[in-house]
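Shared between the two complexes below is subunit A, which has subunit B as its partner in the first and subunit C in the second.
For the complex of A and B:
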């Protein structure tokens, strides 16, 4: 009986040793798979497109920069609501009806296409906060915060881009720093933003 | 350990409550409560509470920030039913706040017991410490079927798996009212903030307001001799005040005879007439 046990033991060890390269391969493969998942998640969460392609190649550089249209002419709800709002197609067409010299440009044709079909323009959101953060535009605008403080120099952007430094910009310490500096009433209370 | 004792000392210190800007308080008149459950439904709708289903309900994983507890007195047909809505008491000396290892629950300057979802790591210690059993844990990420997600309240976070949650005194409404008041350069007026439960109560049994304002409706309710606090002996200093159900105790008037409990005043003249029968009942026992 003991001899038989020894024989079994030697076999099992030798089988394990023979299979060792296979195990290494499996571990490497598993790491690659896990890495792919993590990478995919990180890409979606942190490294997503800061300058998404919009359905119409709308240029803030032309509108807010060259023509000096105030931000709140189009984003009219910024000083009275939580959301700054995206203008209706009617707002765009209201001006562009009278601008015959740019009427035949392809992007303007797209705009009038949406107008004639009675559809909204599916703009892609550039600045977004997580669901557990309730940012409100109204108190910030009324306190005299410039739009550019958070959104960057939009008037110089052909296509709107989000501020890139993920370690500083538009993250909570950045909010808290400003609230502390400006001595906002209850500005450091969690329930001001998180509820 | 020292952190906990520091927190305790801070809570127990004199003048801690005087620092509150507003001291939001709720008064619930149990005499007016009919147990209809409108507050429960309103809370469910306002605060994006999931419907967990029958199976998880049986497992004790229900989500109800506000529940109406029922208490039966006596045996049928001489039974009487009383209700008490139980919600987070927003204790000024809250046991849950001492329990949390990451300070996801804390007391803010308005006397609110805050729960910060993004800071919570889900140890569930607070729920163990809470003597009122009003903290609920998200065991799953609950979802809403296709058209129903349209009724979610955008002002309230939809909680995810692994997060503790509880009644917030509808802080989104408080914040909104404070926002409007600040624009007009004044304090929030009495009755301007109404949590969903108070708004939906058909008998106005629930009154909400600022305790620091001595003329507010809730302060007047608190001065009522019927006012009491649930589990006061635990020294949690709750911000929810209940007004006692002023009814004659069952069987007190006619010694266990047929007694209409809902009509406490009407029973009074009968009390005198019932006296001989009471003696009779006593002799029968001996």
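For the complex of A and C:
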């Protein structure tokens, strides 16, 4: 027994104490790495612009929610094309020129500004897939997938956000899970989306 | 034992880490993209869905029908129009790259006026029309319309008609400029076949094609149509594989595809063709129609012609054997073979060989289009001398760049300097436009109306409609629009000749006029709508409309050798300028896709070069990429060398279309302009520009040039791709 104690004592004095600055350095380095992960996660969770500010503070809550305008009234190509499309300024003005009660609101003034200058509105993209993914709206809409499945409850959003917990930011496993569950033809084939 | 101090250190490390993480997150964040909505969408606008429009390609005079893929109101891709009888679904590199002209960063976005210091400043159309119509009006009122010169290119159809009417009503001169020998081909067809215009060659039904200098697969006349026909000729549409012999001093794309390549000495092609014709007559191939030719006693013997052309007699005899045995032979003549000082005579000799072989009416047929008649060298010199004596008040450059495309020796660049006012109608500040006082920004052909009659066509009357496939990107007008607006401002006889509002109205009115002149029945509006849909009007022919082949013509003239500018001792090599499909005479140089497309024979990209035979290179101590100075009696330039076995030892070959002074960032200063070496030689019969009749000297500069090639090995590395015995 005394012998073992002696051994421990020798170790603690000669090895641990000598290596002490190294251990501290390693722990600090590990803290930096852990901190970096935490920081990156925190950025994604709170600081990332999931909810971009648009050139006009257009509210889907008012249009799709309160007034119950169907999605495809404005995003008219969703069942016909790869892209759902954004409405032309003409579409917006088509309704709004008959809505005198909101005509003098600042955001509506902005809309008529674009209309009178003959310009398009540079909306900021909220949902986007990388260039190597070819997402097409048409087959999804025709298969009866609700817009909200991917886009979340847009009708309840004053400003559209892609921070919707269910779709994990439109990542591939989420697509594949749905394709598998619904037994989509060629739904697990790489070339269905990556071509 | 962990001390208090250590805890602080760990915490600091963690803090730094979080900061780094936040920064990384910020840096890696996907950049925000905008989704620009339309203001008022075009009628056919569906985002993500293609709309295809059939229209006409105007990058060269072949008149191919194309289909353009349009998405979100923008042209995206060009393919051949499958229902068009000329292109039959094919589109060449230059046609496909015309999108590069539409979206070119150097394309003019509004009219520009010279600032007097070599630069240009944007101006409005009103300013441009005010000044132009004031000048033209004053000249017209003073009865000095002759002091106005309209220079245009080779395009036909309504646009050309508007320009001719405008010049005529104004009393102005109209010059059609191109590095072209159509006049020689027309003279040969008139003399030997007895019809006007260019012949239609039916390559598909031939069993033997002998081509004297015509690079019909690469650049000659209508390469897309000929390439389609060549496919049928080769793959045995009539149960046999056709045989192709190519006679030219430098191997073209067609020569590379041929079964035999006979590098005849430049300028001797006519004598060789005539000797072969006489040989065929001796072998009894001639019919009744050539009975009055007296056996072509003036022609050389095969042996004499073979010696003059520097081809082994055995090869010429073997070719004669094939010709005599062929059932449906076809002989083509063009390119440099028809561009010597005896070009018309050489092409007449080629036509005579066809006539002896019985090709007219079979593989050679009258064409139903009308070819442009280009200005002869005397015409151009008349313009230059008028300018030199101060008699040219206004030059209107309608989509041509003669300061680059034509030899300096013709004096066009000097004439433009002397003219009082030069107005260029173009999309770029090209070499000629840089000398102009005004450059009026023109549409891309994809943004406006027009039409063309394909010549050579497809054996029927092929009229192709050009229609806009998208809205104008910038504040531009088409040449026809500009002419019509000028006419309206000028009033009087000019306005009477051109009372139409714009290019669309004019094109439609022209179609209606032709419709009536052909005496066609039916609903014109419906026909026009169909043409908009199909892109083409493959017109039915009225009785007696087609030209016919004369039953009997006088024998062809002798075909003496071409004469070259420059003495043989001082200038030991013949310069062989050649046209490539992408660059043509310079039209493709400002298109990056064309610049980066490797030349099919040398694989050179982004630059020009001179092809030198290995024996000549060894003699002069030249290696691949060495810089040489090439000097002719008319000028000199320096260019890197490509040592290439496909060119005769006494010939230096250079591609045309490179070496611009202006014309945008992709063209400017890239390569050297072979046209600047050409002497002002002309054909002795027609006066057409003899662009293949100049000798040059070669001097090594002792340094390397910039030569970029995508390939480089001429060996097969044991892959056995040349078949047995072809390995090296």
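Here is the rule we go by: the second predicted complex is superposed on the first by the 141 of 195 C-alpha atoms of A that agree within 3 Å, B and C clash if a C-alpha of one lies under 4 Å from a C-alpha of the other, contacts with A are read in each partner's own complex, and residues count from 1 in each chain.
By our rule, a residue touches a chain if its C-beta (ideal position, glycine included) is under 8 Å from a C-beta of that chain, and two chains touch if they have at least 3 such contacts.
A quick note: this is a predicted structure, and the numbers were derived from the prediction, not measured.
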{"item": "Which superposed partner A:77 touches (first subunit B, second subunit C, both, neither)", "value": "second"}
{"item": "First (subunit B), second (subunit C), both or neither touched by A:89", "value": "second"}
{"item": "Subunit B versus subunit C as contact partner of A:118, first or second or both or neither", "value": "second"}
{"item": "First, second, both or neither for A:194, with subunit B first and subunit C second", "value": "first"}
{"item": "If touched residues of subunit A are counted for subunit B and for subunit C, the larger one", "value": "C"}
{"item": "Contact residues common to both interfaces of subunit A (with subunit B and with subunit C)", "value": "136"}
{"item": "Subunit C-facing residues of subunit A, complex", "value": "24, 27-44, 47-49, 52, 77, 80-83, 85-90, 114-115, 118-125, 128, 136"}
{"item": "Residue ranges of subunit A touching subunit B (in the complex, touch as defined)", "value": "130-134, 136, 138-139, 142, 185-186, 189-192, 194-195"}
{"item": "Subunit A contact footprint on subunit C (complex, rising order)", "value": "6, 9-26, 29-30, 32-41, 46-49"}
{"item": "Subunit A partner contacts - residues on subunit B that touch it in the complex", "value": "21, 106, 108-110, 112, 114, 116-119, 155-158, 168, 171-172, 175, 179, 182-183"}
